[in-house]
Amino acid sequence: MNIGYYPGCALHGSSDDYEESLRACLRALDVQLQEIDEWICCGATAAHALNQKLSTALPARNLALAERGGFGEMLAPCPMCSMQLIKAQKALAGNEGLRREMSGIVELEVRGTTRVLNLIQVFEQVGLDRLKAALKSPLKSLSAACYYGCLLTRPPDVVEFDDCEQPRSMEAFLTALGAKTVDWSYRTECCGGGMTLASEETVLDLSHKILSNAAAHGANCLVVACPMCHVNLDMKQPDIERRYGVRHGLVIYYLSDVVGMALGLPESALGINRHFVGKA
Amino acid sequence: MSRIGVFICWCGENIARTVDVDALAQEVSKFPGVRCAMNYKYVCSDPGQALVREKIAAEKLDAVVIASCSPHMHLKTFRRAAQLAGLNPYKVEMANIREHCSWVHHDRAKATAKAASLIRLSVEKARLDHELQPIRVPVTRRALVIGGGVAGIQAALDIADAGYEVVMVEREPSIGGKMAGLSETFPTLDCSQCILTPRMVEVGQHPRIKLYSYSEVERVEGYIGNFTITIRQKARYVDISKCTGCGDCWSVCPLKRNKSEFDYGMGVRASIYVPFPQAVPARPVIDAKTCAKIIRNGCGLCEKKCKAGAINFQDTDKLVEEKVGAVVVATGYKLYDIGEKQDKASLAGYGEYGYGQYKDVIDSLQFERLLSASGPTNGVLKRPSDGAEPKNVVFISCVGSRDNAKGLPYCSKICCMYTAKHAMLYKHKVHDGQAHVFYMDIRAGGKGYEEFVRRAIEQDGAKYYRGRVSKITQEDGKLVVRGADTLAGVPITVEADLVVLAAAMRPADGVAELAQKLNVGYDEFGFLLESHPKLRPVETNAAGVFVCGACQAPKDIPESVAQASAAASKVAVTFAADELMREPEIAGINEQTCVACYACLRACPYHAIEQAEVRTPRGVFVKHTARVNPGLCMGCGTCVAVCPSKSADLEGFTEQQIYAMVESLV
Amino acid sequence: MNTANPLPQACATARVIEALAHTHLYDCYQCGKCTAGCPMAAQMDIAPNRLIRLLQLGRGREALDAQSIWQCVSCQTCATRCPKSVNCAGIMDALRQLSMEEGRVSPAQRRVMLFQKAFLDNIRRNGRLHELELIVQFKLAGFMHDRRFSLLFKDATLAPKLNKRKKLHLRGKKVRDRAVLRRIFARSMDHS
Amino acid sequence: MNEAGQFEPKIVAYVCNWCTYLGADLAGTTRLEYPPNVRIIRLPCTGRIDFNLIVKAFEIGADAVLVSGCHPGDCHYTAGNYHARRRWILFRELLEALGFEMERIHFTWISAAEGRKWQQVVTEITEQTRKLGPYKNLYADTGNGSLPIPEAAPAVDQPAGSEGSLRQRCHQLLADGTVKVVIGYGTGGPVCVTKPADVGRLVWNNQCSSNLTTYLKRQEVRKLGRAAIVVKVCDERALVVLEKESQLDRKDLHVMGMACNGMGQPKCATCDVRVPRFADEVIGEVASVPLAGPPNAAPRGGAALEVLLAKSPAERMACWAREFERCVKCYACRQVCPLCYCERCIVEKNRPTVIDPSPTVKGNFAWHITRAFHLAGRCIGCDECTRACPAGIDLRLLNLSLAKAAEEHFGYRAGINRDVEPLIGAYSLQDKENFIR
Amino acid sequence: MSFTITQDGLSKLVNEWLARGKRVAGPSRVKRDCILYVPLQGPDQLLLEDFIRPANSLKEFLFPKHERLFGYRINGNGVELFELEPPKTEQLLIAARPCDAAALPILDQVFNWDCADEFYNRRRQLTTVVTLACSAHDDACFCTSVGLSPCAERGSDVMLVKLDRGKYEVRCHTEKGRSLMEGRLEPSDQVASEPLGPEKRFDPAEVREFVKHNFASAFWQSEGLTCLGCGACAYTCPTCHCFDIIDEGNANEGARVRNWDSCQFSMFTQHASGHNPRENQPARQRQRISHKFDIYPEKFGEILCTGCGNCTRNCPVGIGALSVLTEIGHGEHL
């Protein structure tokens, strides 16, 4: 099975451990990723904060490149990128005038036919039973709090993935791979997103609440599928500890980390050693 | 040649001002079939009607045309006048030369010419009017009440007290409906069971009320005055004639842990149970889904214990037929299911409140059971998770109601009142407890309602926040309710021990199917359609079928009872005469030329046409034909238009009349 | 009788916002659920439902001056849970865009806007985000704005940790055709 | 004409008693003036207004006709206006095909509260009709228009041996008493064989183009007892329609489907299903012809209908006036049609005289409009009416225009699907129309 | 010694009549396979070769399918009658077939039997019939079986017999014919050969005999079974002359009109009580045959049929009279 791959700036920047992890894990499940040639930034928060037309144009450019590359489906592991791409794809598919306008702006003909998937959807295409079959070392040690963040399931009418209030798609994978999952309440609360640099105390406040709730429900680690959430929950844990005097000490795994570990891949191949908070 | 009398009215000068009535009378008198034509200042006045009556006798008229206002105004008046003079009332026609002529055309010559043409139309129609007699339909003076809630009980008692037999069909093992499960009722806080149980007993013991409990309406045939109702008596596995209600069986039954539907899951019951102590009939029913004997032929203790030998595991559903003359639908309501799964595609659930995930998030009827003295906690307020006494209770109103995104844009009308009642009752039970209420608008329009809500706020110290709740999360044992107060414009977070959701009111399950059986309309949410919201609130467009209570729209107990009595009075009106009189302007089918293609039968909106056979006097089959049931036909005439061989015709608007009118316009 | 809109004549800002956010802000019946669910509402000077109310009343200027529009983390909670399906998140976006274009950004929240502007300049030049370049440019712009040295060197200690984990990339892979980015940005700036 | 020499149009309005009549009353009580040219005829419901009334209004000289009633959903009788809507969607197509001036026919929904709308509608129609002038060329043969002549398909001979096996089977059926009579094709025309010895009279060649199902309505044939009937693909669709209209019960009928290579009729040119589908037994196979569209669509009008519809309304009316001039009202078109099974046809009723029995232009137009619309959504395209007409009138075109309308508007095709409800006499809330104001 | 006329001579004749505002009718190809006697706009519409006979008959021009007898006007409660303007345009029926022309004398008898029908007689005087002898026949023709032939003179004023392409021998039989052909003929010695007609199919006397004695025989049951009861045979038959009289009009005025009718219709003998002496189609078939071959001959001494075969050609189910008559001829049923 091979699908298009839109890494997004984060995965080629400070969150390249996420890319390393998901490439290793997907290679083990023989899923070939073909990176979209000449992809550009999806505009993230900045574009839709300051310029609505730009927030459609940038994803439109990427969609046009994917269509030119002949990709029917495309993985966008970062929920911010996948939400922006899906939003643009839906707007383009439903509006002839917008298609003409955007094709003009991005200088490429765009039809809005590419289906954008997040990492969980790719694993779902691989299928639970294939994962169970390939299970080498069950994750008995993990008591994981699955954290979806705010953009993976929202806005529901755009993203149309799992349930926007009570998502359970990651739990399904983890229990299948032998891990224990925690029933906690902050699955879809926001971690502060793109405010890491712009307004640090926002991130610290929100992430602290998330980590506290996870700990309160007996989780010893979090599983995320978003580079920005990982930065805020993992890299900022020392700052949280400095500010609130609480050492959470929760390891923040990417979903591909845990799946990779279950498949028996070594931690170094998955880039787990490059996280800020290591195993106690 | 017919002898028609034309009476042209001046209507004071409303007509006379623009229509030259004298010239008109002259011209009309020359129309074919017109015996005499005259004009008078006020034909609808007593002297005017006297003139008409006198002319009918003097000129021996066989039809009358009144050229005046709209038939919607005075057709009945002039028909009665003609009847007094011995002329068949259906030989009277009206030409509307006021609204359709003098008031809208100011050119005198044109208005007069148009008036003449309109009168000519009515003369042509009058010439071909048939003498009709009102249709008499025999009435079975028995009423069917579907639903045993407070509305059904009130309707049944009123009808029975009026001297007519009533058949009541209740789907649950006992009557009482939702009200039986309430603790106390606003605004008087009198105990719900105390005011309802006597009425239930009255129903149980009323000589003229035949109660079918644990039964449903299977099929409805016939028409007003002559309904045939097939009732399915669901298998109860207990013979209520033999059973004395001693209770040995449900005390010996080993399976005590079944969720009690009456307590909405707050309490448990045995597999053989009586829903609540004051049940009418106070006889148990066996739950076939959990009883070990029925499932795998085990146990059977209750049968051994029963001294009256009333237990019968081989019991099956029985179909019973009842003949009734009128039907009152009082099927009540159910609460909107707050959880994820919805029974209709157009509805969405409330994932954000964690209902069904957090034990201490319950809906209003479950809270009623916790408050109720006969409830699972005997009136002591214990929260479902650990039974502790909740110190902080959050009440959230408009859960599902007024929410376009969830699919129910309407207001359920009673939640503001019972939420205030809950806050008040909670304070009375837990003196040091604090009630928090998130509301959008307080709707307390009834008698003493506003004062009741103010008392809950001012005396019982309930904190009211004006804003919706966005999310409920569980954090170290506490339910964190994140709401807002738009008056202050700030988010509000309350840590609660218990959260009560005031869920929206929806019609009871299965009302849509019942409506189709009764040929009654229902709206997009499933509430039954009344004939006219203001003028005929308890009637429906199916003759002889009345509605009352929450099945028609969300409403509280006082309104339901009032509507129930209204429905009962309508039933009494229907049974007043020993025969029902119906307008004779209905369709009829010429059975000689009908070729039984049944296009009319498919087109008739009232299912008033049935397949029939033409037989010779000695019973030899001649042919198939369509036949109109005079009781059901409302006279819309759709069958006449779809009949290819023009065998169907409509009295009062016969084909001959319409074509004669059109041809007179040449 | 003509059928003029009985509500107070909707002000220009409200109409522009509705166009940008593709939503009807007059559908909002002020139930407060957006404010209730907003993670940042507690720190906001004007809560989300208040912003919409100001727009409904035609007082767009106060909405554009609010600090809250820059505290919003765009987590889409408000739009997801709104019972009237009003795109509150889209309204916040539109308010930010108008506020920046009309130069009414509140001084206390200017840093967020500067970060977003730096972010956009960065991808306009490189096609993809260069984190190091962004940090440097944002720090300088922030310093020019409020002259606070503490913020200038705040995360200096972070650099070595990132480097140890090979997360510090001096030069990212650039997009070959960067000129097209400038043209895309130019075409997106004019308000057609 | 009025004194000012200005043309005063005559407008007949059929209105429903509960909504539009009260709307007109309201226009009166609020003194909204409008021209006096309209004459209101009150009927209980738009469902009661049948299409003959519109034709009769034009016959007596109306220059415009208005039909108005309650908005969908408001009908006092719940569904009358839905029935009317579906009826007008189809009837307008027939009037269009005949070349009526459609701008003289108006349909509106006017509620009891819309006095103003009644005033506007009547005023607009009066002015518009005044500009159009009197409806002089109703049924007028103004030009030398002529209808295109349908091209026949080449005559091909039938599958070998099927005639023999047909006779052999019929002999068996008659001998063992399964059927009392076999309705089949003879040399000169149809034959009814009752004795096994006479099966020799049955033939199967490329002259068997008539539709034998029309004999199922004849009392004389029914009296003979259970019948076996020989049908081709185009004939058997009549059985589906007849069964749906409770005219026959498949139990007391034995259907012998004949595989057919085409009989050289115009309909055979577009026939793509050669083997009957609902027959009890099929005789003879045919080289399987690929199913182009849905099975045996009524010949989608073919070129002739396109040519007709391409003409201007006046030209179309002229064509039909010229064709109907030759009609002698022998009613062969009615008697050969399997779906015209009324014992007393509407044209034989005179109280009231809905259709003039005389073969005048007016009487012929009224008759052919009624016959065509009675087959709306029912005609199966067997073209018997055109074949039987001694005056050579191409009646097919009227039925094809309605069959095309039924397919375009409702995706409905007569006689194909056994459990679909007949089109006329039913309605749907989603019926789409763009002509009702 | 014979006289001939060329095709353009005929065209000139037609043009002259049309120029004088008179009506000319003749066979014309209305559609590919539909030839009818219709009023002609010009000689080019006149069809003279390669057709057997038109599908209708001359009856339409003498006894029209719809005729207004008199008008009435309703005023007040009374009715006022008024005469209608009688037909006065002369008409020339050209290139008619002999079997059509032979029908006219038969109709003359029935329209002048107990009451002289002035409408019919007036038209008859105004009519001049020019027949064209048949040069071919098909298996529906049986004029020879009823005493006629492809060049029978009965009822025609002038007879044309085809010589060769475009030239016809002219035989004038009546004064009217001679005055018509005045100055249009050239003498010639060519004599057209007698075209031979179809051989005899049945003996009318035998048919008459059979019909007299087999009123209730099962023969009719089997022969008339497949007849659908339309009016195609009667309305295209040159000799059928039944008609129905009704009033047609609106609330103010109208007219009493006469329309064609046919004994094959189910309503033809329907009594007001609902009873119908001929309640099924075989009975009506029997009536048609016996009226033509027994009842009419008994009253007028002639067979009410000229053997043109229109009934067989126009019958949608191919019965017509011929199949029944030949069936009777076979005689097994006697």
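Per-chain residue numbering starts at 1, and chain names A, B, C, D and E are given in the order in which the chains are listed.
Throughout what follows, a contact is a pair of C-beta atoms (placed from the backbone, for glycine too) under 8 Å apart; a residue touches a chain by one contact, two chains touch by 3 or more.
Keep in mind that what you see is a predicted model, and the values were worked out from it rather than measured.
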Of B-C and A-B, pair with higher C-beta contact tally: B-C
Whole-Å gap separating chain A and chain C, where each centre is the average of the chain's CA atoms: 22
Whole-Å gap between the CA centroids of chain A and chain E: 94
Gap in Å, rounded to a whole number, between the CA centres of chain E and chain D: 33
Centre-of-Cα separation between chain D and chain B, whole angstrom: 42
Contacts with two or more other chains, residues of chain D listed in rising order: 60, 343-344, 353
Residue list for chain A, restricted to those that touch at least two other chains: 164, 189
Touching two or more other chains - residue numbers and ranges from chain C: 77
Which pairs of chains touch, using the document's own definition: A-B, A-C, B-C, B-D, B-E, D-E
Partner chain C, residues of chain A touching it in the complex: 9-10, 12-17, 38-41, 43-55, 57-58, 61, 101, 104-107, 150-151, 154-156, 164, 189-190, 192-195, 197-200, 202, 206, 235, 274-276
Touching residues (chain side chain A, partner chain B) in the complex: 163-166, 183, 185-186, 189, 213, 216
Interface residues, chain D side, partner chain E - complex: 60, 149, 186, 188-192, 210, 214-215, 218-221, 326, 328-332, 334-336, 343-344, 348, 350, 353, 356-360, 363, 384, 387-388, 390-392
Footprint of chain B on chain D - complex, ascending: 2, 10, 12, 21-22, 24-25, 27-29, 31-36, 39-45, 47-50, 53, 56-57, 60-62, 76-80, 83-84, 87, 119, 245-247, 341-346, 349, 351-354, 374, 421-422, 424-426
List of chain C residues in touch with chain B within their complex: 29-38, 41-42, 46-47, 49-50, 53, 77, 81-85
